[in-house]
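Dropping the structures in below, format is structure tokens.
Two complexes come next, and they have one chain in common, subunit A, joined by subunit B in the first and subunit C in the second.
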Partner chain A sequence: MPDLRPFLVLGLALGGVFALSGVGLVVLYRATGVLNLAYGAVGALGALIAWSLINDLGLPDWGAYLCAVAFGGIVTLVYGILFGPPLAARDPLIKAVATLGFTLILLGTMSWAYSYQAHSLILPTTEWGFDLGEVRVNGTQILGLGLGLVVTGAAAAFLRYTKIGVAMRSLANHREITATLGVPVRRVEAAAWLGSGVLSGATGLLLSTLVGLDIVGLTFLVIASLSAALIGRLESLVATMAAGLAIGLVQACLTPFTSVGPYRTMTPFLFAIVALLWFGFGRGRLSTA
Partner chain B sequence: MSVADESPEAGVTDRPRASALALLSSIERPAAIRAGVVAALFLFALLALPALVSTFWLQIATTVAIYSIVTLSLALLVGRVGMVSLGQIALLAVGGWVALRLGFGTSLPFPLMLLATGLITGAVGTLIGLPALRLSGLYLALITLMAAAAITVVLQVTNFPNGGSGFTGYSGALAGTVSSSLHRPAPLASSSAFFRVAVVVAALMFLLGVAHVRSRAGRAWAAIRQSQPSAIAAGVNVTLYKLWAFALASFMTGVAGGLLASSAGGLSTYAFPTQDSITLIAVVLMGGVFSFWGPIVAALLLKLLPELLRNWGLPPDLLTILFGLGVLQVMLTAPAGLAVQVPKDLANLSRLIRGRLASGTAAE
Partner chain C sequence: MSTSSGPKRPRFALALAVIGSLAVLTAACGGGSTGGSTAGSSTTNASKCGLGNGQKATGAPLTLGAIVTKQPGTDFTGITGMAQAYFSCVNDNGGINGRPVKYIVENEQTDPQQVAALATKLIDDDKVLAIVGSTSLIDCPVNHTLYEQRGFNVIVAGVPFACFSTPNIAAVNMGPYYSSEGAAQYLVRQGVKTMVVAGANVPGGDHDISGVTAIAKANNIPSKGAFLENVPISDASGIAVQLTQAAGDGGGVVLNFTPPEGLKILQAAEQQGLVDKVKWAWSTPGNDASVVQALGPAWNGKLGVNAELNLVDSTGPDNELYQKITKQYAPTIPLGSFGQMGFVAADIITHTLLGLPADQLTPQGVNAAIRQIKNFKTDILCKPWYYGDLQVHVPNNADRTVVPQNHVFIQKEGCFDIAPLPGNNLDTIRQQEKSQGLNGS
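What follows is the complex of A and B.
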């Protein structure tokens, strides 16, 4: 039995980030019915922009990171304002396919502007760390896990206790009736787009440190977060977080086993497929927003 | 639950009643013209094209023919049944793997090998679609995306068979020494002969698609696309016909994979990224999912246009952006795609110009 402790740390950090982005996906889906498949691409472009600001323009690190997070929020908000309302009455499938168009625009932009060289982005928190027994734990790993937990709690509290949060939940039930009740639907939806976008920006930065700043890799890590969101039935934030952590842990802990190690990146997909089978044939009910 | 809510057939039944003769001629003349155009194009591609273009462009044309089968399969799923699959490129890779495995492991003749590849890939695709039939459209799309990502991971570890031993048929020692391309029988060895094979197989697949759409299956699909509850109420076996559509699309994609495995250069695991499944749905939607011209336009967008851009010294990344904009445009304004929209726009334009000219002469 190989020593799993270093992989536990890696897995919890990665799982925290999966949870973070899963929560971003679920909050947006609950409020607007849009499953934003461009989530990963937004984060990746944000991280690349931060890289440019630091290396080409010489901006201080923290300023660049703030810009990346703000970029995530703004570009997602702009998409939401432009394409949210015209597609609002359509099937969730159509809304999701439209975000694939958005994904392609971002992917094309990134590979056009950035594919000439390899990039790397290391958050300064990585330099700070402490030893836990024989395992070195760095600040970014703690940040990943911590943000995952904190954002899940904050989002749950936000949806439960604030006025906008309650409006988002009622939007999830019925858009037209919510509008009749006098809720400013578009403004509430815009808030969801902005919040989800900010989370995607943060996710992009964390993942580019934890996994690597790779355009296609980061863009499609959204599929892994999507698995967590699906296990949470695109509804439950706590289940999404738990699933994110579980996926991260299993994926990392498979690394030292040579027979299954090379297949470890399949973990999120297998989790999601099993979950969908369970919901399809079991007692579960899936949210259709 | 279809991607586009208005279908071009919608107005067909509202035609005013006319005498039997007029009705007959109104149906038959455009149909005859259309059949003539299709036959002429087919013969041109089959006989004249190989002599007209260089080997490089002939290989591109072969790829276009092969990918038109893939775009056809996805267009059938999206346009006829209203199901979106995001795993078609992964299934194409599965088709390629199966073909190479059969090619190295058995001595089946080429046509039988293609057929067997299609059937096995059809079974794999059906397995993927099976659980999703109980779920709504969005979840079907997601499960195919997950399955595609998983298949991609497996393929990158196992590689394509290259004549090695064992179930995976891959040998690291042989890598680079032999081509991972499938051996074609001697009469098909030249690139022009293989192009003709690809065109003929693609034509057969289109005929298969047309036959399905015009049969009981096509009517059942149309009912499902308009409204699944109404289809169930009307006695349509929704599960059977959805599964049939999935199996048919996977079969077609598998055959295309078999052709791809036998084309020049062979297969590499990096040729089937998940990203391509998204580009594929983009071009299929842009080409149009209701007309059989759509998949051909889509295949040209997907495989010819990047080469043209490269030829003109433009970065092909621009195309990815264009495809993204295309998807959004299709979603918002032109659900029938380019194959229907462009002729309609041109007709509107010519009517506008004719109107201007007529008013101009009237003013004089």
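What follows is the complex of A and C.
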């Protein structure tokens, strides 16, 4: 039996970031009905821009990190302002496909600007850490897990207790009725786009350290977050967080098992498939009853 | 904390654009081998692009072609990009006796039908004189029969073993199989107790790393695993832990990945405090400026990279020309072994074309001349390069080991022969080198 302790630490850290991304996706979906497939690409481009600001322009690290987060918020907000209203009445699938187009644009931009060379962005929190037995736990891993938990709690409280949060929830239920009640729909949606974008920027920075600053890898890591969000039925923040952590843990802990380890990257898909089957089975039982 | 090198222009423009847009929001964001030279000084021994006369070539173009893999996790376009840069320099310096080189590069995504179609297109539609600088995961196994049938003697930067085991393909590099073997030989000399290898899960990836296990066995070192990882890697930390656990204390780990993927594992190992748990080695792709810039001081002297080509900052005339061409014609391609491969391939064909009379500048004439190449000297390779009338070609079969030291690579071991093993053809090849006088051995 391999020593799983290091993989538990790695899995929790990665799962925390999956949870963080999943929460960002769910908050946006609940307010706008948009499943933002560009979430990972925005984070990746933000991290690469931070890399450029540090290395090409000599900006202080923390300034560059703030810019990456701000970039995530702004570019997502701009997309939401430009394309949110025209697509508001369309099917959720069409809205999601539109973000896929946005993903491809961002992917092309990154490929053009950053070519194939190796990039590296290591957050300073990584230098701090402690040994847990033979396992090294660093600050970025703790930050990944902690931020995932904190953001989940904060987002849940925000949606439940703040005026704008309640407005977001009611928007999710019925956009037009909410508008007739005097809720400033576009402003509320813009807040959701901005918040989700800020989370994507932060996620990109964390993942660039935990996974590597890689254009394609970061762009498509959104799949794991999507699986977590699907398990949370694009509604429950707590379920999304738990699913994100579970995906990270299972994927990491499969690594040392030679028989199944090579297939561990399928973990998010398996989780999503099982969840969808389970939900479908549950709905079938209800309709039968 | 971050590190950098390589291309500046597009990133710089992008960074400026972002700075501009963010400035309103946050104050924090205010923030071969003849004489001459392309630019700058030249010495009597300096290499030059083609004729080196500073005159633009204006005649009818001579068309060359290449096929290169570009897909997520595997991008070899730095090699063909550098070859293109070399030809641009040649075209600015008199071309091939006044005729410019037109270089057609076809990208592929490891689809055999696509790759077969591209080779046919290059030969039949584009009517290329030769295929030079191709770097593909599947071109050699898919198209070597076509090349044999059509009489094309192809010069590649080889990846799969078919690039080193078929009669009409010769590589300027030694490829991942032999390079991984060289990395394993380095670890043997370092006295490792066990051996582990990891490579990319791509077509032929299992064969590429099989030489490591064979080297371990030949030296009575227990092999503790050969791992194929999906690329792009999404859990580098897990892989780093897995590899060091498998090797155990005092063991050795050989990596065979492209620069971005291998770097992820090394940085994860550093974050997990695993640098000193084992001894690390990497095949040739690790010999890359962007990699060594990104590696922290924790790696000083602790990563042996098998360098099929000379140090990227070596001062031989050919390597200096390579650096100049990169700076002038390909600033977005980082200095590294990939770029050097493209340079050497382009250098070889340029000198071959320059040596041919005008009436021999046909596919038949050029490919016959390629097969006659021998003793092509360049300071970028350990031994002179040759093509030769052989059934298998591994002209580059000796290399070096370099280690990082404060963000540059320094030479740890000088040129050494890759060990002959059952099935790797090196015994036979070295006998033929001697008997045919191919490289002065």
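Basically, the second predicted complex is superposed on the first by the 281 of 289 C-alpha atoms of A that agree within 3 Å, B and C clash if a C-alpha of one lies under 4 Å from a C-alpha of the other, contacts with A are read in each partner's own complex, and residues count from 1 in each chain.
Just so it is clear, a contact is a pair of C-beta atoms (placed from the backbone, for glycine too) under 8 Å apart; a residue touches a chain by one contact, two chains touch by 3 or more.
All values reported here derive from a predicted model rather than from experimental measurement.
**Q** For the overlay on subunit A, clash or fit between subunit B and subunit C?
**A** They clash: once the shared chain is superposed, the two partners overlap in space.
**Q** Just to be sure I read the superposition right, which of the two partners does A:265 touch: subunit B = first, subunit C = second, or both, or neither?
**A** In the superposition, A:265 contacts both subunit B and subunit C.
**Q** Under the stated touch criterion, which partner chain does A:216 make contact with: subunit B (first), subunit C (second), both, or neither?
**A** In the superposition, A:216 contacts both subunit B and subunit C.
**Q** Examine A:112 and indicate which partner it touches, taking first as subunit B and second as subunit C; both and neither are also allowed.
**A** It touches subunit B and subunit C both.
**Q** Applying the touch criterion given at the start, work out whether A:236 contacts subunit B, subunit C, both or neither, answering first, second, both or neither.
**A** Once the two structures are laid over each other on A, A:236 reaches no partner at all.
**Q** For the overlaid complexes, name the partner, subunit B or subunit C, with more touching residues on subunit A.
**A** Counting residues of subunit A touched by each partner, the higher count goes to C.
**Q** Running through the overlay: 59-67, 77-85, 113-121 or 293-301 are the candidate stretches of subunit C; which one clashes with subunit B?
**A** Of the candidate stretches of subunit C, subunit B runs into 113-121.
**Q** Could you list which residues of subunit A make contact with subunit B in one structure and with subunit C in the other?
**A** Touching subunit B in the first complex and subunit C in the second, residues 109, 112, 115, 216, 262, 265 of subunit A appear in both lists.
**Q** For subunit A, which residues are in contact with subunit C within the complex?
**A** Touch list, subunit A to subunit C: 2-3, 6-7, 10, 14, 48-57, 59-63, 66-67, 70-71, 74, 109, 112-124, 126-127, 131, 136, 138, 140, 209-212, 214, 216-217, 221, 251-252, 255-256, 258, 261-262, 264-265.
**Q** Using the touch definition from the top, list the residues of subunit B that touch subunit A in their complex.
**A** Contacts found on subunit B: 1, 3, 84, 131-132, 134-139, 141-143, 145-147, 149-150, 153-154, 157, 273-275, 278-279, 281-282, 285, 315, 317-328, 331-332.
**Q** Which positions of subunit C touch subunit A when the two form their complex?
**A** Answer in residue numbers: 1-8, 10-15, 18-19, 21-22, 25-26, 28-29, 31, 72-73, 75, 77-78, 201, 225, 227-230, 232-239, 241-242, 245, 258-264, 267-268, 271-274, 288, 290-291, 294, 332-334.
**Q** Which residues, counting only subunit A, touch subunit B once they are in their complex?
**A** It is residues 35, 83, 86-87, 91-94, 96-98, 100-109, 111-112, 115, 216, 219-220, 223, 226-227, 230, 262-263, 265-266, 268-270, 272-273, 276-277, 279-281, 286, 288 of subunit A that touch subunit B.
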